[in-house]
Structure formats: C-alpha cells, structure tokens
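In the two complexes below, subunit A is the common chain; its partner is subunit B in one and subunit C in the other.
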Partner chain A sequence: MSDNIEIDPGAARESGLVTTDSFDNLERMSSSLDEIKSTNAISQSEESNDNANIEQLDESTNYVKDSTEENEIEVSREWTSKSKHIFVLSQAGKPIYSRYGNEDKLAWLFGVMQTLVSFVQSSDDTIKSIHAGDTHFVFLIKKPLILVAVHKTQESEQQIVTQLNYVFNQITSILTLTRLKKIYEQRQNYDLRRLLTGVERLIDHLLDFSEKDPSFFLGAVQCLPLTSSVRDSISSAIIAACNKIKNLVFAILLANNKLITLVRMKKYCLHPADLHLIFNLVQASESLKNSESWTPLCLPKFDASGFLYGHVSYLAEDCQACLLLLTVDRDVFFTLSEAKQRIVERLRRGNSLEAINEALVSSDANWNGAGFPELRHYIYKSKSTAQFYQPPIGPPYSLRPRRLIDVYKRSHQRLHSSTRPLKLAFERSASEAVLAWDTRGFELYATFEPLTSTAAIIASVGKLLDWVKKREDKLFCLNAPTF
Partner chain B sequence: MYYLKLSEAPVRFEAVNQLTNVFFDDSNKDVFAVRSGGIMGVVVKNANAHSETLNFRMDDTGPVLSIKFSPDHKVLTVQRTNTAVQFMNFLCNTLDACYTQSCKKNSNILGFVWSYTNEVAFITDHGLELYMVLPEKKSLKHLKTVSATVQWFVWCSTNKLALLASSHGSHLLPVFIRQGSVIKLSKVETEPGRMALERDVTLATLYGTPAVLILRHHSGPGTAEVHVHTLDGPGQAPVKTHVLKLALTGRFAINVVDDMILVHHQASRSSLVFDVALPGESDGTVKYHTPVVPAKSIKPVSLSLPGLIEPQTHECDLYSPNWVVFQPNIVIDAKLGCLWHISLCLQELCSQISDVSICTQVALKRTNAKMVLLQLLLAIVMKDKIPLDKLQESFNHINYVYRDWYEAEIQSQMASPPSAPITAKNTTRPRVLIDQDNIYNDLFLKLDPEKDVEKMEWLLVSYLTSLSECNIMAQANLNELLINVLARQKKFSVLQQLLQYGVVADSKPIACLLLSLGNLHPAASQLALDMLCRIGAAEEIQEILISEGETVSALKIAGSQGNPRKFLTLAEKSGDSMLFHTILTHFRNNPKVAAMFEKDPRLMSYIQQYNLIFDKK
Partner chain C sequence: MAPKVMLLGDSGVGKTCILMRFREGRFLAGNFISTVGVDFRTKVVSIDETKVKLQIWDTAGQERFRSVTHAYYRDAHALLLLYDVTNKTSFDNIRAWLGEIKEYAQDDVVIMLLGNKADCGSERAVRREEGERLAREYNVAFMETSAKSGQNVELAFMAVARELKYRQSGQRDTNKFSVQDYVREKQNGKSSQPFTQQQQCPQCNTN
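== the complex of A and B ==
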C-alpha cells in the first residue's frame, strides 16, 4: 500500500478527509462532539436548550404554508415529465418534501408511498426499489423518515440511494439526528415542515448540485490548483491565527466549490460527504457574501447528535474565497471574527489572495496543449486523499455538461457495481470513447474522441498519468495541516 | 407408349428376288441392288437419304460375293472368288479399268474392308493383308501382312477395328488398321473354350470407347446376357466391364443408339434398353445392368405402297426374320426393300422411368435431351408432392456435368505462359448442359411465386446445396430469388442463418437487396452491412451509414479517405454540436488534413463556425 502511495499521483500518507467510500449510510455515529467538549470542559446546557426549542416551535403551528396556490394542478404534464422526483415523508406518511410541486397537494401520493413501505415491512422485509419499464422507484428508509426517488434516468440504484442519503444528511445537518428522532418519539404525526423552513431551498440546491458535480458520486472533493508553497503559506496563516483558539475543530477555505485548504484539530477528520454539505450551504446561501455569519451546523458523518457552530465569511471583496471556522463553542463569534481578520491580513501580506484569484480565473485550459489532442476530458481521483481533479469542461461538452456527468456516472457504476465490479471499463460509442480504470491508488475516468484508436488511447492514458504525477502537488492538497 | 421408333421415311430399294441380290456396305452405309450379277445394272442407295443414287452396269464375271465402294466412291471393289478382288475405277457413273488383286497363295479371302481412302485390307483365313490402291496405275501395292488364324471376322468402320475370330469364336483378336500399319491388341478375355458365333458379336462405340459386345446364351430359361468388353484397358486392351442381363432366351439383335444399347428380342417382339453409364450392381470389375425400362416393342410403322386405285398402307412386320441389323442403328428388311434408322423417343422413355435421379442420368447423356429433361423436371416440381431427395440427386447429376464443363471452360480461359504451346481447345460441350440460367428460367420462373413459394424455397435450397457441393458459385439471380422467397414468407431467421453460414455468397447486388428488406426486418440492413464489409465495399458502407445518420461510424469506415468537406457539411446540417466537434477534431488531429485547412478557405469557414458555436458559452 505504501508503495502505491509513492507511485500514484495525488497520493498522500495523511489526509484531512475521511477516505471511506461514500455508499455507507449513517448508522454508526461517532460522538466526536462529546469527546471534544469533555476534553475541553465546556459548560453543557445544550440538552435543555434543545428541548425548549421544540416546545417553542410546537406552539407556532399556524406557520403552515400559505395555500394561495390551491388552483395549481398537482399532477400536470410538466410535473410528470420531470426525470427525477424526490420525496421525503415521515413514517406516518406525512409529507415533508417534494422536489417538484406542492407536498400538500400530493398528500395522497405520500400516502401511497407510506402504504407500500409499511406493507412490505409488515412481512419483516424492506422495500428497496420498484422497476416499471423506464421508471424506477427507489426507497430509502432512514428512521424516522422515508425517502423516495422516482426517476427515469440511467443512474443506478446505488447512485440514487447515495443521493437520497445526501438529502437525509441535509435534513439532519439542520436538526441533528438526535433531535429528529426525539421529535417523532414524542409525536408520530408531527409535521416536520415547520422546522424546515428555508431548508427546502437547500435540498433543492443539493439535488441539482449533486446531479451536476462529479464529487458526489466519486465521494471526493476537488481542490483549487495552487502551487504547494502558496497552499502551505495559506495553511500556516490559518494555523498562526487560530492555534490559540480552543475547541476550533476545522478551518475550511474554499472557493468556487473547490477546496483551498482544510486545517483540522488533531485526530479529527472531515468526511467528504460533510464537506459537500458545507459546499452546498455556501453555494446556496447568497446572503453569506454580504456579511459574516454565525450558523449552527450538524455534520452527520462527523457527529450526528449535535451541532458545530460555524463562522462563515468571504475573505474579502476582492477575493471570493469563503472561510469557515467550525467550533463546538456556541458563543465565540467575535473571537473567530478577529481570527478571520488576522488570517486575511496575513494572506494579503503573503500575496496569497492574488494567487487564489489567479487560480480562480485561469481556467487551466492549457492542459489540452499538453499533447492530448484526442482527450476530451478526464477525472482523476486519488483514493488515499479522497480528492479528485478534473480540467474545466471544454467542447463539445461545454454546451451540455450534464451529458458528460452522465457518461461518468455510468462508467463509475461499471466500476462500483455491487454485483459485478470491474477494474477496467472501456466503452466506445458514436459520441465518445470512455475509459474507466480502478486501481488500488486511484480511479481514472477519461473521455476521448470517438474515432481515437485503442492504442492511442492506451498511450494517452499513460502520458496523462505522468502529467498528473508531475503536477500533483499543485492539483491536490497533499498535506493535512493541524492546529 | 413406345420409346423406340423407326425412321418415318425408310430408304427403299429393290427387294431381294431371283434376279436381284442386295448387299449392304456398313462402312459407307451403301445399299447395293445388283441385278443379274451387274449386267442388268447396279443401283446404289445411301442410307443417308440425301445423297445421290448411283446407277451403273458392270460385267458379270461370276456371282458377286461382296461389293463395296472406296470411302470416296471413286473405286468400286467386287469380290467374286475366294482368292481375288476386282477393282474398278468409277467415274461419272461408268466403270473403267478393271484390275484384280489376289491374296497370298493357299489363302482364302474371308472378306475385305476399306480401311483408308486408298487402302484396302483383305482378311484371309491366314491373316490380314494390307494393300495400297493406286487407281492411276491400275495396280495395288502390298503394304503389310499380319498372320493369324481366322475363321470369321467382324469389322467396325468407325473405329477401323477388326475382330478376328478363330477356334470357333473362342479366340477373339482385335486388330486396329491404321494408315499403312496394323496394330494387334491383346485378345478378348473370355471364359476358356467358350465359343461364339459371328452373329452374336457386335462391334460398337460406347461413349467414345470402342467396345466388343458378345451375346452369351446359357442353358436354362431367361439367362441370356450381353458381355460388354470395352477397349479401355492398358494399351487399349479389351476389358470385360459390363454385363447386360437380358432375362430372355432366343434370337437377339443389337443396335447402339445414342450410346444406349438396344437389344431386340425376336420371340417376344420387344426391345430392351440398356445404358452402361447408369449405376449397377458391381463385383469390382464388372457392372451388371438391368434394362432401364421394361421391354417394349418398337413403334409400329407402315409403308404406303402405290396400289392400283389408291395407295395402300402396308403394316410392316416388326422383328421379322427378314430383318438384318447393322451398326450402329440400321435395320434392313431385305424382303420388303426397306432400310430404317432406329431412334429413341426420349420423352416417352424418360416418362417410363419412375426414379427422377435415374431418369436425369439417362437424359443427361442423350443428344438433344435438354428441353426434354427440363420439361420433365418442371412436371415433377409441379406435382403436389415432390420427391425432394431424388430431386436433390437429380440436381447433383446435372451439376456434375455442369461443373466439369465449367472447370474446363475456366481452364481454357486461363492465361497460359507465352512459352506454353498453344493447345487446341478441346472443351467439347456436353450433350446436355443445364446451367443456372436454365434452371432459373425453365424451372423457378415457371412456378407460381405466390402459391408455390414454399416449394420454391425447398427447391432453391436443394439446388443451391447441390451447386455448393460441386463448388460452383451460385448466380446472383438465384440468390436473389431465394432471399425474396424467404422474405415473402417472413423467414428471416432462416435468411440470417443462410447468410451467416455463407450459403448465399456475398455480393453487392445481394447486399442492396438486403438493404431494401430493412424496412421489413431491421436486422436485414445489418446483414447487408456485414456482407459489404466482407467484400470490402467501404464506399457503400460509408454511404449507407451516412444515410442512416451514423456519421461518425461512416467516418470511421472512411478512415483517411474521408472527404473533410462532405463530412463537415453533414455534421453542420445535423445541428448536433457534439457531432460537429467530433468530425472537426478528427480532421484537425490529422496533420495532413490540418494542412489542407490552412489552405482552403471553405474549410476554414468550418473552424470559424466551430468557434462561434463553442466560444459563445
């Protein structure tokens, strides 16, 4: 294994990200938060506060959506023609979320879904999916919720389940799993939508995001290409500003859905799935751009039982990189705000902001000139760091980027099918030739011009790996700095 | 139903009476009617009805034993004694210059034959004497003498073969008389001490090979046989190869017509027909034959005789004791003064043979039998129940002949090296050659394409199987018919199998036909593409793919031959930006074509178009 780490581009001995595959669901929970809190002996009034919160919300039952859209046709042609529907409901069959349309109007449909689930459950079984021609119904039962996808896409059941898991994680990241369970223990009929005001937007965004970004099915994150010296100086700037602050768990700097650096507390790692939720949060919330924010946030993979508190801010007007400082303390906003100022100053002094801006603007388009005339696009995932690199999408996919993602999803499925996984898959069609290669250290997905000869493709892949290796310290975060 | 008939217009000559003697020279096929030893005149009629009748007188210097013309009818030879033959030059119906040649001393002339235009052979009891006739000098020149004991002999003018018999016919010596020389062959191997009469021995030609036919009578009922000794052993040695089982006893006479042996049986007034080429029971060297068809009489014939008031018809007596039979196919009734040619009624003969395969074999070896055979086959396939297995054999026999001719034809058309001596084309057309066009036109086109569609399929498969067994390429029209027949029945899986296993040979027309079936059976177009691929028709494949909208695949087939403007125009018209990218990138990645782009403004416009499409976003 260690040999591979030497050889494979982008491999590192240590990673700030958890590198397990992303298909496991969140049954096993760590109690990272308690650990951190107990080690730092911080006051514990969390529990009671949570309870109070629920009661408060219970009183405001009148909140339910304005029903001015009565005359909306629930099952319109447009609604049925959507390629993928996502529904969330409670075990009791109460509507919680529908990707399209108004849940209230679809109450009957949620009833049907609940019936299907409970009917199969009554015989000590679990419904997983229904396949009817082109249409697939995928069920994910995550107590106390039921998630359902109805889709006509080419995605596999595994990929859909992953997506449903993300939806569930998104909900838990707002409420924490502990609270979610408690709510339903107390009232089975509870209408969860009361607690999820504004979260629908996050879920909508998450769904779109997960459909057009390869990081979700790869279970990895993409880094902003920076020379290692720049990246190291950024990391050290953050460390220097924050190493005195207790209970700061993670400092994450990201820009344009790409990770710049991740500084972490010793012993603790961040799961890519959690990072994706953070990316989603940052991207979906325009308001974060305007001011510093303080937000409670549950990272389900990290610890689903409680909140972390995040100081979220953009670095500067002239640098659209977003800094998140996550702590277990709920009242250190100003400490973190000061730390942020110090970070920005240090970065400005070290000319790092310009470097980031430059990296954001330069589309790195010159890779095509590196001797790969027939290579259209590729994704290289380093397994040991849970990171991947892809060049910007160029012609012909620049007009239809979703198409390329679909191609990759299909190849990914070939490599990771639970019944018949492949090590190497090569598929040539009139539109493109796709090579997918799974090794111990990396996964490579490459699309070529359809008329490229197989020999040329093999030669290109070899050259491509060399090329990535040469630039690995720029394309990947190879260090996992700690406070 | 008769399958043998006598010629309708027999050659008439003066019948034998006290004054008139009739002679027949089977070499020239001349009938001589000699009145009063020649003084009252000699009338010579040729069996070939078209030749002139000769009329002359000659002096009577004794009874005529034998009279013959030289092959060019310029010298008349008359034998009146046992020791000498008279020669007379014959010019303008008159005779002059009589000269005589005697045989060797102490010999008796048994007969004489003209072996060559100016050569004559005397067969004596002591052997054979060969002379050259010199009409201008009115003399003969001795050429050669072969000594042998001879009791009687038989002569075959076609092969210039004499069979000299001694020891009462138990010792038979064949001798070829060539110009100026005599070749002795090894004697005919018969059972030791088995005697034969002159009348029981016939010389004939069977399928181009000289043969000695000996009639053998056995004691016991119905056991007469004809033993056929063909002269095809080493050094033309006679070998007993066939035995014809007559299953009758009594007097027989033999004719050979169209290589079929006819054995006339006087007692039952019927004739048996044999074909030595047909399969028969064999003991390794000798094949035993039974008659092709049951014995049947010759078709009755009548003569119209001038009567007192009105012409009378005279029913000729068939198989009469007055009949004399000569080779190969002549029957003479000396009392009636008639000479007939005997011939086969092929159609009737074939219709009597129930086995199609045998019938085909018989017909294939007969002259002018082509239409007969085709009609026969048609009649069989028109029936409700077709004996397919027999028909398959029949096709095989037809195709064996076809293949042999076809291969010889190809051989003769092949270019030989310039140094090779020019050999005469000896590809003789077989008697019956039924090629694929004949079968197609006279068999398949005659069937009802709607009603007999299933039958056509069977027959086609059967015929094509036979062709392929003979390694003959099937013609396109047959293949097309087969495909159409299958398509009409929607037997596409059968069609697919036939194509995939190469039963239907690959060709462009077939591929086009398959393409046209694409709307009935989607796989047909793929089969067409596969076929075109096998015959390397890249251009056609390219066009088909383009028409199906598979532009990228078409370009792949075209390889470096693809015309950039053509493909770019197609891609542009399709409105598919992905396709446009694929095509343009393909060409730009090819350095040669990329250089063309630099020079050609029309190609440059595509690059501009490309930039417009992809740089907007």
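== the complex of A and C ==
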C-alpha cells in the first residue's frame, strides 16, 4: 500500500475525509460528540434540552386534511411523466415528502406504499424493489421512515438506494436520529412535516444536486485547484485564528461546491457524505449570503445522535467563499464571529482572497491543450483522500452535462456492481468511447471521441495519469491539517 | 453601548424582510428566503446625536430551531415579535411566543408586537383592533408594519433603540419613557403626514 501512495496521483497518507466506501450504516452510531464534550469536561446538561422539546410537541397541527374526496387523486399527465419520483413516509404511512405534487393529495398513494412494505414485513421479509416494465420501484426502510423511489432512469438499484440514503441523512441532519426515533416512539402517528417546514426545499435541492454532480456516486469531494502554498497559508490562517478555541471540531472553507480546505480536531475526520450535506445546505440557502448565521447541524456520519453548531458566513463581499466553523458548544457565536474576522484579516493580508477568486473564475481550460486531443473529459478519484478532480465539462456536453454524468454513472455501476464488479470497463458507442478503471489507489473515468483507437486511448490514459500526478499538489488537498 | 434586539415569530411572517427594509431600505420581493438558525446583523442608528449600535438577531421561525433560539433569548434587551396580518395562525401563536419569552427572556426585556404585511388589502385575516387588544392584555407596545411599503418599520426599531438607550443611561426612573407612549405620540403627531397608519392602510379601519 505504501508503494502505491508514492505512485498514485493525489494520494496521501492522511486525509481529513473518511475514505470508507460504506454508505448506509447509521446504526453503528459513533459517539464523537460525547467524546469531544467529555474530553473537554463540558457539562452535558444541555442534552436534556433537546429531549424536553419533544414533550412539547402537541398535535395541534395545521395539516388537517379537509376531505377524502376521490377526485383529489392527483394523476396529471405531467406528474406521471416525471422520470424519478421520491417519496418519504412514516412507518404508519403518513406522508412526509413527495418530490413532485402535494403530498396531502397523494395520501392514497402513501397508503399503498405503506401496505406493500408492511405486507412483506408480515412474513418476516423486507421489500427491496418492484420492476414493472421500464418502471422501477425501489424501497428503503430506515426506521422510523420509509423511503421510496419510482423511476424510469437507467440507474442501478444500488445508486437509487444511495440517493434515498442521502434523503434520509438530510432529514437526520435537521433533527438528529435520536430525536427522530424518539418522536415516533412517543407517537407513531406524528406528522413529521411539522418539524420539517422549509426542509422540502433542501431535499428538492439535494435530489437535483445528487443527480447532476458526480461527487455523490463517487463518494468523494472536489477541491478548488489552488497552489499548495496558497492552500497551506489559508489553512494556517484558520489554525492561527482558531487554535485557542475549545471544542471547535471542523473549520470548512468552500466555494462553488468545491472544498478549499478542511481543518479538523485531532482524531476526527469528516465523511464525504456529511460534507455533501453541508455543500447542499450552503448552496440551497440564499439567506446565508447576507449575514452571519448560527445554526444547529447534525452530521449523520459523524454523529447521528446530536447537533454540532455552526457559524456560517461568506468571507467577504469581494470573496464568495463560505466558511463554516462547527463546534459542540451551542453558545459561542461571538467567539467564532471574532475568529472569522481574524481569519479574513489574515487571508486578506496574505492575498489569499484574490487567489481564491482567481481560482473561481479560471476555468482551467488549458488542460485540453496538454496533448490529449481526443480526450473529451475525465474524472480522476483518489481513493486514499476521497477526493476527485474533473475539468469543466465542455463540448459536446456543455448544453447537456447530465448526459455525460449518466454515462459516468453507468460506468461507475459496472465497476462497482455488487454481483459482478469489474476492474476495467471499456464501452464504445456512436456518441463516445468511455474507459473506466478501478485500481487500488484510484478510479479513472475518461470519455473520448467515439472513433479513437484503443491504442491511442491507452497511451492517453498513461499520459493523463502523469499529468494529474504532476499537478496533484494543486488539484487535491494533500494535507489534513488539524487545530 | 450595543443593545441586542431579537426578531421572533412564526415562519414566513416577514422577520427577515422587515430587517432588510430597516437596514438596507429595500424589500426582498420574490422568493421566500428561509432563515437558517439565527442570523446576526448590526445597524448603527443615532438617537439624540448619540450613536447606538444595534445588534440584531434574526431568528428562523421554524419549530426545530427553537432550541438554538432559546439560548439567545436571555441576552436580548428587546424583542420584536411579529405576526402576519394575513395569517390568523401566526397571530394565534403569539400567546405561545409570549409564554416562551416569559420563560426564557429577561424580566425587563422590551417587547414590541408587530402585525406585519399591513399593506395586504383584502387578504387581511387579523384586524388591527385584535392586535391592539392582545398587546394591551400583555402590556406590550404594538403597531402594524409593512416591510413592503416601509410603513412603521423605522419607527419600530427606533422606538426600541430609544427605550434601550434611556434605560442604559439610567433615565428610566426619572423620565419614565415608555415605548407605548412614544409610539402613540409619534403616530398621532404625524397624523397629518402621508405616512400614517390610517392613510397608508385604509382597510385597517374598514373592518
């Protein structure tokens, strides 16, 4: 393994990101939060506050359904023609979320879904999917919720389940798993939408985001290309401003869905799936742009049982990078607000703000001139750091980038199929030639002109790896700085 | 001196909009921008030629954020509690909000009740008298505002700022400045000008 680390581009011995591939297991909840709190001898009395809230949940909900008229069944043509529906319901069959249409009007449909799940459950089994022609029904049972996808896409069941897991994690991130479970222990019939006002927007955004961004199926994060000296000086500015602050767990700087740097508390790493939720929150929340915000945030992979508290702000009017300072203390807004000011001052003095802005506007277009005339696009994922790099999507995919993503999704699926995983997959169609390669250290997905010869492709791939290796300092965060 | 003011009320009543109107003089038209957790902003105002820096906490109305907002109640010197005059539920919830305030905020906190979206026209669901009555019952100041037209927005913040300034400079006992009186005075004093409640919002009286 150590040999590989020397060779593979973008590899590093230590990573601030968790690099396991497992996606689903929240059941093995870590107790990172407790650990941090107790090592710093912080009183845990605040925990009781969260619990107290639950008792206040009274059923004076506004969601009284007015009638059960048959006509309310909403099956417009537009609705049925959607390529992927996503539904979330409680074990009792109460609607929680529907990607399209008003979930109240779809109550009948949620009833059907709940019946299917419980019918199979009654024979001690679990329903996974139903396939009817080109329509697929995929079920994910994550107690206390049921998530269902109904789709006509080419995606595999595994990929759909990953997406449903993200939806579940999004809900967990708002409420914590502990609270979610407790709510339904106390009242099976609870209408969860009461606590999720405004979250549908986050879920909508997450679904679109996860369908058009490769980071989700890759389980990795893309970094903003910066020379390593700039990135290091940004990290040290953050460390210098924050290293005296107790209980600060993560400092995350990101821009345009790309990671600039991640500084962490020793011993703790961030899972890419948690980072994706953070990217989603930042991108979907306009309101963060105008002020400093303070918000509770549960990172389900990090610790699904409790909240971190985040100071969220953009660096400056003239630099649209978003800084998140995540702590376990719920009342240190001003401490972190001051730390943020210090960080910005340091970054400004070191001209880092300009460097970030430059990186944001430079489209990194010169890669195409680097001697790969037939290479249209590629994705390189470094496994040991859970990071990937892709150049901007250009012609002929500029207008329909989703098509390219779908091509990659299919290749990814072939490499990672649970029944017959491949190490190397090559596919030539009328529109492109795609090579997908899974090694111990990296995954590579490369799209070529459809008529490129195999020999030329192999030569290109070799050259491409050298090229990524040469620029790895810039394309990846190779250090995993700590406070 | 940096008094802390907090905006409270149900989701969607216009807390962020009223703050934007006050700070930047513009109305956030279009999409509903939901606040995440608590937003922090400042604004410097001058009162009797003294500069006062207001620290303003804009809170998310959703129930799930309550545990975070509670932590900030006790530091607040003044609370602007909003409901939406077109949304009866948001008005009905005011009693619950006042209960929470009583539980978490300091005893001497300045409270002002605001019925927002007063420019609403025929969509109105809460009459002004109802707001006034509730305010009297709890002995808090009251006015109707509109972030869209700007009606009373400046007045609401300035009245609070003035009250806080008087309190800090210890004039409270001697002068007995009261927000209610101040507001009443300001509104009556200006009745000949076009920016009064009555003229701005005729439907308030027609109900």
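We take it that the second predicted complex is superposed on the first by the 463 of 483 C-alpha atoms of A that agree within 3 Å, B and C clash if a C-alpha of one lies under 4 Å from a C-alpha of the other, contacts with A are read in each partner's own complex, and residues count from 1 in each chain.
By our rule, a residue touches a chain if its C-beta (ideal position, glycine included) is under 8 Å from a C-beta of that chain, and two chains touch if they have at least 3 such contacts.
Note that the coordinates shown come from a computational prediction; the quantities given were computed from them, not determined experimentally.
Of the two partner chains, subunit B is the only one touched by A:S398; subunit C is not. Applying the stated contact rule after C-alpha superposition, one finds that A:V88 touches neither subunit B nor subunit C. In the superposed model, A:L147 makes contact with neither subunit B nor subunit C. When the two complexes are overlaid on their common chain A, residue A:L277 makes contact with neither subunit B nor subunit C. Within the superposed three-chain model, A:P450 lies in touch with subunit B and out of touch with subunit C [touch as defined at top].
By the touch criterion stated above, A:P373 is placed in contact with subunit B alone, subunit C being left untouched.
For subunit A, the partner touching the most residues, choosing from subunit B and subunit C, is C.
Once the two complexes are overlaid on the shared chain, A:T295 sits against subunit C while remaining clear of subunit B. Judged by the document's definition of touching, no subunit A residue lies at the interface with subunit B and also at the interface with subunit C. By the touch criterion stated above, subunit C contacts subunit A in their complex at residues 11, 16, 20, 31, 33-41, 58, 60, 62-68, 70-72, 89.
Those residues of subunit B that touch subunit A in the shared complex are 550-553, 555-556, 577-578, 580-582, 585-586, 588-589, 610, 613-614, 617.
Residues 49-50, 53, 62, 174-175, 194-198, 201, 281, 285-288, 290-296, 309-310, 312, 330-331, 333, 337 of subunit A are the ones touching subunit C in the complex.
Contact residues of subunit A toward subunit B in the complex are 373-374, 394-400, 403, 430-431, 449-451.
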